[in-house]
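Have a look at this one.
As written, the chain order gives the labels A, B, C and D, with residue 1 at the start of each chain.
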Amino acid sequence: MKANTSINRAILLIHCADQKGILSNISQFLSDHNGNILSLDQHEDSEDHHFFMRVEWDLHEFTIERKNLHERIDLFMNEKFTHIHWHLAYRDWVPRMAIFVSKYEHCYYDLLSRYESKEWNIEIPLIISNHDKLRTAAERLNIPYYHIPITKDNKQAQEHKQLELLRLHNIDLVVLARYMQILSKNFISHYPNKIINIHHSFLPAFMGADPYRSAFQRGVKFMGATAHYVTSDLDEGPIIAQDVISISHRDSIKRMKRRGRDIEKIVFAKGIWSHINNKVISYKNKTVVYE
Amino acid sequence: MKANTSINRAILLIHCADQKGILSNISQFLSDHNGNILSLDQHEDSEDHHFFMRVEWDLHEFTIERKNLHERIDLFMNEKFTHIHWHLAYRDWVPRMAIFVSKYEHCYYDLLSRYESKEWNIEIPLIISNHDKLRTAAERLNIPYYHIPITKDNKQAQEHKQLELLRLHNIDLVVLARYMQILSKNFISHYPNKIINIHHSFLPAFMGADPYRSAFQRGVKFMGATAHYVTSDLDEGPIIAQDVISISHRDSIKRMKRRGRDIEKIVFAKGIWSHINNKVISYKNKTVVYE
Amino acid sequence: MKANTSINRAILLIHCADQKGILSNISQFLSDHNGNILSLDQHEDSEDHHFFMRVEWDLHEFTIERKNLHERIDLFMNEKFTHIHWHLAYRDWVPRMAIFVSKYEHCYYDLLSRYESKEWNIEIPLIISNHDKLRTAAERLNIPYYHIPITKDNKQAQEHKQLELLRLHNIDLVVLARYMQILSKNFISHYPNKIINIHHSFLPAFMGADPYRSAFQRGVKFMGATAHYVTSDLDEGPIIAQDVISISHRDSIKRMKRRGRDIEKIVFAKGIWSHINNKVISYKNKTVVYE
Amino acid sequence: MKANTSINRAILLIHCADQKGILSNISQFLSDHNGNILSLDQHEDSEDHHFFMRVEWDLHEFTIERKNLHERIDLFMNEKFTHIHWHLAYRDWVPRMAIFVSKYEHCYYDLLSRYESKEWNIEIPLIISNHDKLRTAAERLNIPYYHIPITKDNKQAQEHKQLELLRLHNIDLVVLARYMQILSKNFISHYPNKIINIHHSFLPAFMGADPYRSAFQRGVKFMGATAHYVTSDLDEGPIIAQDVISISHRDSIKRMKRRGRDIEKIVFAKGIWSHINNKVISYKNKTVVYE
């Protein structure tokens, strides 16, 4: 089947302090085992001479079986290099993604549309919200919707519930679709570089609450949105995707919110897409995002 | 002559707290004196109900002479409205612009090229620099180039010299073409909303020194430039023009600087163009910029 | 109620050969009847001296009642001007929009999401498709979904059915959400400037079928989408909205299609939004689109 | 010296029908001779399975001398692969670029500014124009300026003169800075993929004369510019760089021309920069342009 063929591929994401022969050793390793390289992108960070690489290869005639591949690469990396970070992934991976949402629909509906139309190869085992408002859209797609209200007093207990649900459903990725709550440091620590938030400004400009109002008051000529990994520093995690649109004196705050919804949902989807397709390397609070 | 015809026009920039009948009174006034309105743009700020308008009209059959126009408008405004701010300008105005520059050529050369090719209808009576490096380009266009080095100790005296030169040359507008000095509060107070700076980031992100390095380190996916009026708060004056370009992991700081030069010069020129064509209203540390 | 207040407004869209005093006469007319102008944008086409204007005013204290307004404006226009085209609209208009769709979901789901979340103030009385594939999404929102298959032989009869349905449901606007059929000249004649199509290229480049493949083969560095009114000349009607994104050698046709879906849906929505908010004037196979 | 260090590098541009082991063989070859790979970008065309690669490596400890490198690579390629196209280049290459210009200054001045400020590492041995208008700017930089007027009758003879001059000055690249003449097929054949033109539209839209007027009349919402290699099919050669800006009803043709100048010069410079930095592979009337 053609569909299967095109996704019987492996991906290796690598970064480390620059060392001699990384590329040639790895390409030799793949070649020795009959792996046809389909795409390779390698560069060096100009400031601290850090090496980054993404390579994707065909597994059809590859002579190492999937079940042994992780171990074989591990042996190879240990033998050849020091302090190398690598991540092995497969094209046919189906990430299990949880959506957190509050009351704004636009990003949420956009994600569900991509899911329903099979635009993305993902599973959505559950949706969690601090409000009951958006239950219908979940239920008609047969996705369990958990209403977990958060107050100042119950936050710790409710986050515990959330974590338990994520664990039970074996979640790979949490996406905050305009979820209006701040996650605790403890919560975040369970999903490092696995929680993606959409912030409605071109960060680092206008961090925190009500960025459209701040942008309006500052009189900027562009507004934007940013998808980023969540860290314990609010709105300061590694940026995955951004986009901007021009604004003018005719843009009231209300109009900015309306136009902003469209950038938010597109940038959010772009960031998630890069993550679930193993296109992102995180390093030093930044990301390398391959096309 | 066609060229003259198209510029025998007047422009009125108006803003005030919203009052009844501003538009109809003004358009009636122009109509009563046979002024054909060529373009009018009016809107209200949605937050504080402030009224803004720009109107441009043909003077060919206008029955008030130029020499009387300012006074007649003044009478009219005082009679009809309270606390109205207005500025009368003419299309054939030739602003006298001083360039301040240090050692970076790109914005400077770009301005001189526009001047030499008569792309802009301006005069450049003088150029001031704290270095002697870029004298040649000034002299071949017969523009006086004043080398006024600034040190911590002589700054006050040298600024005094600069102000004297600007006054002598009857300067309307000062543009800082990557001039690497911070102007004193006193200097700025002589040219309110008449000094335009180019900052190499999409403000308010990355204010201050070395914004490309800051942008690189934050890992943003866009870089930009901002043309703004200079106020005593560094990099916080009213923004006139901005633009951005996307960047990726392949953009080293060096490459950002190279690519940045092109946005800087285009955004700077765009901001200056809007100013010298009477397209800008400043209000509350923001600008309304008409197309 | 605040919500009602903000939409008790009228809008006048005007165009005509340039004549003296249009603006002052109209603003006087509004002022005479106590209409507070909230926004006015007026310009003249530079090539053929055609006058265009959009004015929006508050009706709260306006002394002409809605039921008489059309007639009063008609009288006024006839008295003052010759060959003037004008359209009166109200902010609280709820357009009745029919969606035509085939098998692609992305634009269709996006429209339904905007409808469901009440982002747009519209009614969708029916959806028509030549396939039965996308019925579910319609039915869960209680929108009648008509499956009207089109073949070479039955096209005329089926279009007759479609027109009958549109008439019965009193449709104001038809939007083709990647509807893969070409409408007949007769069909189009019933809805002049009332059918909006989304084409997946930056027209006029790559008209006709499979524009992504054509763009790939030509090796352009940008791809785009265009929302336009449908005329009998395929892909040549007045353009309402466009957008583009940059592409590189890493963009296969497959990837272009994936990325294209997002521009298509945003540009389509932008075009429709402008239309249903009375922001568009059509003239000479072009549009003036107010912000 | 730091400056020299950073440019003692070689670049290999490769394309061919896909074959096994290209990447591993080449990286092995470089590694075997102690060449540290600084950047490598490899991908496969999805439509016809063509392989493309750009690799840049450090020559400091590379064990093959420059004078032997071409031959050694030739041997290696012939031994390992069939029908492979490759181009070897060096980072410290100083291309010799001829400018052709007519009467428009903006692109021309922009190129000269980059040259004068040493932004680009090039030589400009001569400038050729069919008018004498822009001689001054050439002469003050001591660049010979040849005035070679073209008429219908003398075109063949004048092109012969031009070719002779290019040959004498050992020109690597010809850039047409809004040169308003169409080059003959014969002329072009001497510089395949070595003549870069700037066209003032986003090709393939609005080929030929007066594209701003055509864009205005079609009512597009974006205008653009395209840098492309010149082939005997007018405006149809491989596109190297493009950019666009949004336009509205306020953009007259005159205003489009004014705003267009800035995109033209930036896109032109971008295309030339990619070429002189060996970032371009031409294939099937398209280009692969590396970042």
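Operating definition for what follows: a contact is a pair of C-beta atoms (placed from the backbone, for glycine too) under 8 Å apart; a residue touches a chain by one contact, two chains touch by 3 or more.
Keep in mind it's a predicted model, so treat the numbers as computed, not measured.
Asker: Relative to chain B, which chain has the most distant C-alpha mean position?
Answerer: A
Asker: How many angstrom lie between the CA centroids of chain B and chain C, rounded to a whole number?
Answerer: 37
Asker: Averaging over Cα atoms per chain, report the distance between chain A and chain B in Å.
Answerer: The separation of the two C-alpha centroids amounts to 42 Å.
Asker: Touching two or more other chains, which residues of chain D qualify?
Answerer: In chain D, the residues touching two or more other chains are 39, 43, 248, 250, 291.
Asker: Using the definition of touching given at the top, classify the network of chains in this structure as line, ring, star, complete or other.
Answerer: Chain contacts: complete, every pair touches.
Asker: Within their complex, state which residues of chain B touch chain A.
Answerer: So the residues of chain B in touch with chain A come to 43, 45-47, 52, 202-206, 216-222, 224, 238-239, 241-244, 248-250, 252-254, 285-291.
Asker: Which stretch or stretches of chain C touch chain A in the complex?
Answerer: By the definition above, chain C touches chain A via 39, 105-106, 109-110, 113, 116-117, 119, 137, 140, 248, 250-251, 258, 261-262, 266, 269-270, 291.
Asker: Which of the residues in chain D end up touching chain A in this complex?
Answerer: By the definition above, chain D touches chain A via 20-21, 23-25, 27-28, 30-31, 36-44, 246.
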